[in-house]
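Look at the two complexes coming up: subunit A is in both, with subunit B in one and subunit C in the other.
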Partner chain A sequence: MDLRGKPVRKMVEAVSSKEVSAYQLIEKTLENCALVNEALNIFSVIAGVDALEQARAIDKRLEVGENLPLAGIPVAVKDDIFYGVLPTGLGSAAFKEFIPPYTATAVERLMDAGAIVIGKTNIGDMGLGSSTVSSPNGPTVNPWDAGYAAGSAGAAAVITGLCMLALESDTGGALRQGASHCGVAGLRPGMGRVSRYGLNADSSSFAQVGVTALSGDDILCALEVISGPDGRDASLAAEDKWAAGGRVAPDLQSESLTIGYPAAAFDLPEPEIREVYEKARERYQAGGYRLTEIDLGLLPEALRAYYVICLAETSSNHARFDGIRFGRAAEAGDLEELYAKSRRLTLGPEARRRSIFGTYILGKGHYDRYYRQALKIWNLVRREFNRVLKECDLLMLPVVKAAPVRLDEEANFLENWGADLFTAPVSMAGLPAISLPAGQVGKMPVGLQLVGRPFSEKLLTAVCDRLAPENKLFPHRGPS
Partner chain B sequence: MEYEVIIGLEVHVELHTESKLFCSCPNRFVQEPNINTCPVCLGFPGAMPQMNEEAVEQALKASLALNCEIALTSYFDRKNYFYPDMPKGYQISQYFVPIGSRGSLLIEDDLGSEKQVRIGRVHMEEDAGKLVHSISGEGSMVDYNRAGVPLVEIVTEPNLRSPGESRRYLEQLKSILQYAGVSDCKMEEGSLRCDANISLRPAGTETFGSKTELKNMNSFKAVEKSLEYEIDRQKKILDSGQEVISQTLRWEEDRQETIMMRGKLEAHDYRCFTDPELAPIKLGAEKVEEARAALPEMADAKAARYGRDYGLPPYDAGVLTASRALADYFEACLAIYDNPKVVSNWVMGELTACLNEEGQEIETCAFGPEKMAELLKMIEEQVISGKIAKEVLVKSFRGGKTPRQVVEEEGLLQISDHGELEAVVEKVLAENPDSVEKYRAGATKVIGFLVGQVMKETKGKANPQLVNELLVKKIDG
Partner chain C sequence: MEDIKAGLEKAVRVMKIEVEAGEQEKLSAELDQFLQWLKPMLDLETEGADQVLVAHDRISVVRKDEARQADQAELQEAAPDFAGGFYQVPPIIE
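Presenting the complex of A and B:
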């Protein structure tokens, strides 16, 4: 049985009608995972026995006639999202064996709907960065070219057929960039859509829980399950908003839309990537979409402000990893020494760097200069995106400037941060955005970003499926 | 030299709520450590705070009761610092915009005239856990039951001028917050905690001297004592031409002195910023007005009403309104037995004595207001005498039975039967001929002694009025 290319809805039908049992499906999936993981380093943990137990339970639920919208669907969960059965590594050597006492809302909802968690996917140092290069487990290798990082391990799992859905966080753009680098679709939901309870966020303002899959419709299947009010996340849209629009109701027809095209932004990526975007634009136009050129300012300013706020929040969110309650406690003579040493045992170089910067940014005399200014820019960025989305129904943006990080090169942190140029500003705007395959540079895929108005997730998934080339190409490393 | 004393108080009060400030763990004291905890109040990564509306309402009430201006939009901010009792590495507090500001409270100054104490701010925050240090030196443990309990911090402007004023401010604050139903304000149990800032300056000058911060006072008296001690200490330093060092001092109750806790008051850099995981607290103007209107009558207004409507003397009114629990008891009793002065006498006298003796609280004691009313009714209906009633109260208080049950079970019914009493009266008269002579000679006061003898014979059960009548009738023959 080949998982590759099969839509989620079809697979759910097959499992629900007992054409294949969830158990068989997961057994096969686990075999594939073991096979591929060694080469690509996608998983920090593969669920094994637990996944088979989950599958058995799903078969039983189907037996008694339950209707499960995600029956048997294998899901990979990023290692910064809590699942109270498997170790949640958080991207720290200190958390290798940490089994959290609770499960994230989104994971809980996927499992209720019949999905099966098959493993936790690799993340950077404390989940930071838009690739996995700073991971204490080493980077996840790009399935298309072993010389490059995958960007996100969940996207690598999807494109190699190890799972049908990947539940991933997206702060500055990790999910979207990973989707781009692996050639899959990845949706970052808008503010207030999906509960973030159980996500170890480095930045509480910008982190969201999203979904990566082969198609927009696959994403929609998951989104319908995971979105909705949750008393445990105060940022979620109020109950009445959900009642009005349903869970993921569309607000427009996907066939006849105006797509805004900020020409200046498309001048920024490297030439080969620019070319991919140019061709995609022509295709979209030929496909009946009206493309209108718009001005979108503030991208570089937004990126800087994004990092100021993000670093400040990280320094505070990571304060708890001090060796007292969380993180590995070091031998020490006094409290100060305990903190200093324990934090070194728990946080890697990237996490420490961000905490130090964040501490500086919030410090006396710096708050006004950096943090307060960044908040002002954040406000302007939100306004700018809202203004633009009055001129068009969807906004088109690059996802990436360049190919993913090369694994044989020493990474420069500022350059890595710079990779978020097109994704972080969208995170600031709080709008939903999807990264969809747009073409290739050599064998490396390149994704394009569509940004919608608040609550337009369903529309984005529909447009994604109309615009993405029918992707039957899989990297040859994948299992058969 | 003559000095002017400048004192400012920072008071932390635990709010009375069902659950903690940001999770549904019960806000209740338990002995066993770390029982009332969950991922949120233990600061687990990914466990986000959820705002407790009830705590906001309580903080609003506190602010209104202290005559504060109310911020219709306020925020929760993070105060970042490391300490083992703070599981997240930051405390969620209100730094930039407190819910209440520019409030005031009236006290008597040292000369007995009215003084307005200015309150700078009232803000909400979460409590920290408690460190437990092992005596045997195995290290320290943390109990997070208290972590996340809702607090308000009430900060005065530096406009208290003496330890006495400070104590009266605290007493008044406690009364107001208790009346508002915001907190039980028990300093001994830590539901009210007070730090004091104190400095001296030469009388008539304007610039503040360097201040010290006093901590670890466990009672209002300790606050007063520690301030007195500190004034004296600072005076001596200044008189000797030296400078007071800005530092944090710890009041040692056993030694009745302050000792240095931390050197040099560091201006701590808490790197505050608004918590991105919590929405702003928005209060509608209407909601604020509703809360203002719903504030209960405070002690002073109540005492005035007791005088006006019930004709109680100021002393009684003052005592009965000293705590809301006492006033509530009095009013509940009055609702059943409408005789204010009698109820007042019994509540202030016998009941209070009983409470003190048994070390109980009025709100939890077994002798509730309905029992008191029943007891007083029985006196009025001459079922028992006042003297017996005192005994009944003690028994009912201790054993939990109703006064009527006690009276019935112990056979304490008042004797109002003529025949029964006449026999006793005759016996007493026969045994005390001198008294009878004296009475006849005009010393009518001895009748009291004779009544007493009859009461003694009947173990207090005789109806004293009836005995009096019978005695007079017999002697006058």
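Presenting the complex of A and C:
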């Protein structure tokens, strides 16, 4: 059974009508996971017995007439999102056997709706970076070309048919870049839309829980379940804002939508990627969308400000891994040594770099110069995006400026951070954004990013399904 | 560069993390690169822009600031260990 053959809604119908049982579906899925994982290193843990028990429970719930909107749907959960049954490695050798004492709200809601967690997907060192190259488990290999990193293991799981939905975190753009590199759709919801309870965030201001799937409608199936107020997350939008924000289905007449694009952002150094984006723009225009050129000149400074804030928050968040409050305690002669050795045990090279730089930035004499300036630029970035989205309904941006990381080359850390140029500023703006397949360079997929106004996730998923099938390049389906 | 080396050393000390000597050299060079990279950000005109303090402006952070009576018994019951009028915590170092 190939999970890519049916949209989520059709699969739910098949499971609910007993055409196939959840148990059969998951049994086959787990077989596939074991086979593919050997080649691509997608999962840090495959659920096995637990997934089969979940499936049995779902079949029983259906037997007694429960209506489950995600009945039997296999979901992969990124390894920085807690599921209190499976080990959650957090991208650290020190947490290899850590089983969280609770489950993230988003995971809990998916499971209540009938979804089945089939495993935890690989992440970089402490979940940092927009690829998995710094993972203590080794990188996840791109399913399209084994010479490259997948970007995100959840996206690799979706495109290889190992799951139908992947629940992932996105801070500076890992989810969106992974979707781009693997040729699937990936939604980062706007801030305040989805509970982050149970997400081990490196940057508290920018980390968000999102969904990757084969289509916008599949993503919507999950989003309808996971979004909404949660008493355990005070950073969710107030309920009155929800009502005003437009949960209502938008008018999707293509001629009524104006998409803004900053021409300078598409002037990329890699001619083949530039060409993919040019062709996509032409297709959208031919399809009746109104494209209007806009100015969005702040992106390079936004990226720099993003890193200042992100590193400062990372250093603060990593402080708790001292071997006493959190993390594994190292062998040590005294308290100071215990702290130092335990932090080293927990944080890998990338996490150490970011935490130490963050501590430097927050130090006396640097705080005003770097951190305060970055907080002001954050404000300018928000204003800039809000201004643009008053002029148009959606904003189009590249997701990536280059192919994913090559597995046989070690890139400079600033080159790796620079990969977030088009995604991190959107995280700063707190707006919803979706990455959808736009074309290919050689074998490798390239995604395009659409950014919407607050609470426009439904619009984004619908436009994704209107635009993506036009590519005819991927096993990507439009609305059923 | 000497300033940066000293700054990095201080950050390592403040953060209380073990870093090997060779790694510290490498990190100093990288910090230098990072600070050079940040320069255009420092030159950006931000006059009139307030610092952002919350991740987004749709949060309801305002509630009435009023004192409420806590239920002591309920709090004690929720604590892992409570004895003799104190919350018991495990010793930090055995």
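Just so we're on the same page, the second predicted complex is superposed on the first by the 454 of 480 C-alpha atoms of A that agree within 3 Å, B and C clash if a C-alpha of one lies under 4 Å from a C-alpha of the other, contacts with A are read in each partner's own complex, and residues count from 1 in each chain.
The rule is simple: contacts are C-beta pairs under 8 Å (C-beta built on N, C-alpha and C of every residue); 3 or more make two chains touch, one makes a residue touch a chain.
All values derive from a computational prediction rather than experimental measurement.
Colleague: Once both complexes are superposed via subunit A, do subunit B and subunit C end up clashing or fitting?
Modeller: With subunit A as the common anchor, subunit B and subunit C collide in the superposed model.
Colleague: Quick check for you: in the superposed arrangement, does A:213 touch first (subunit B), second (subunit C), both or neither?
Modeller: In the superposition, A:213 contacts neither subunit B nor subunit C.
Colleague: Check the residue A:191 against both partner chains and state whether it touches subunit B (first), subunit C (second), both, or neither.
Modeller: Only subunit C is touched by A:191; subunit B is not.
Colleague: Once chain A of both complexes is superposed, is A:150 in touch with subunit B (first), subunit C (second), both, or neither?
Modeller: A:150: touches no partner chain.
Colleague: After lining up the shared chain so the two structures overlap, which partner does A:436 touch, if you call subunit B first and subunit C second: first, second, both or neither?
Modeller: neither
Colleague: Now for A:340: first (subunit B), second (subunit C), both, or neither, which partner does it touch?
Modeller: Once the two structures are laid over each other on A, A:340 reaches subunit C alone.
Colleague: Looking at A:316, would you say it contacts subunit B, subunit C, both, or neither? Reply first, second, both or neither.
Modeller: After superposition on chain A, A:316 lies in contact with subunit B alone.
Colleague: Considering only the touch criterion stated at the top, classify A:47 as touching first (subunit B), second (subunit C), both, or neither.
Modeller: Neither partner.
Colleague: Determine, for the superposed model, which of the two partners subunit B and subunit C contacts more residues of subunit A.
Modeller: C
Colleague: Could you tell me if A:324 is touching subunit B, subunit C, both of them or neither one (first, second, both, neither)?
Modeller: both
Colleague: Could you look at A:234 and tell me whether it touches subunit B, subunit C, both or neither (first, second, both, neither)?
Modeller: Both partners, subunit B and subunit C.
Colleague: Pick the subunit B stretch that clashes with subunit C in the superposition, from 134-142, 152-160, 170-178 or 368-376.
Modeller: Among 134-142, 152-160, 170-178 or 368-376, only one stretch of subunit B overlaps subunit C, namely 134-142.
Colleague: Under the contact rule defined above, give the subunit A residues that sit at the interface with subunit B and also at the interface with subunit C.
Modeller: 204-205, 234-235, 315, 319, 322, 324, 335, 339, 359, 363
Colleague: Subunit C touches which residues of subunit A in the complex?
Modeller: That would be residues 190-192, 204-206, 234-241, 245, 300-301, 304-305, 307-308, 315, 319, 322, 324, 335-336, 338-341, 343-344, 347, 349, 352-353, 355-357, 359-360, 363, 366, 369-370, 372-380, 382-383, 412-414, 430, 454 of subunit A.
Colleague: Which residues, counting only subunit A, touch subunit B once they are in their complex?
Modeller: Per the touch definition, subunit A meets subunit B at residues 80-82, 90, 100-102, 104, 196-201, 203-205, 231-235, 312-313, 315-322, 324-326, 335, 339, 359, 362-364, 367, 371.
Colleague: Which residues of subunit B touch subunit A in the complex?
Modeller: Against subunit A, subunit B makes touches at 39, 42-51, 78, 80, 82, 84, 87-90, 142, 267, 269, 271-273, 275-279.
Colleague: What residues of subunit C sit close enough to touch subunit A in their complex?
Modeller: Residue list for subunit C touching subunit A: 7-8, 10-12, 14-19, 23, 27, 30-31, 33-34, 37-38, 40-42, 44, 46, 49-53, 55-56, 58-61, 92-93.
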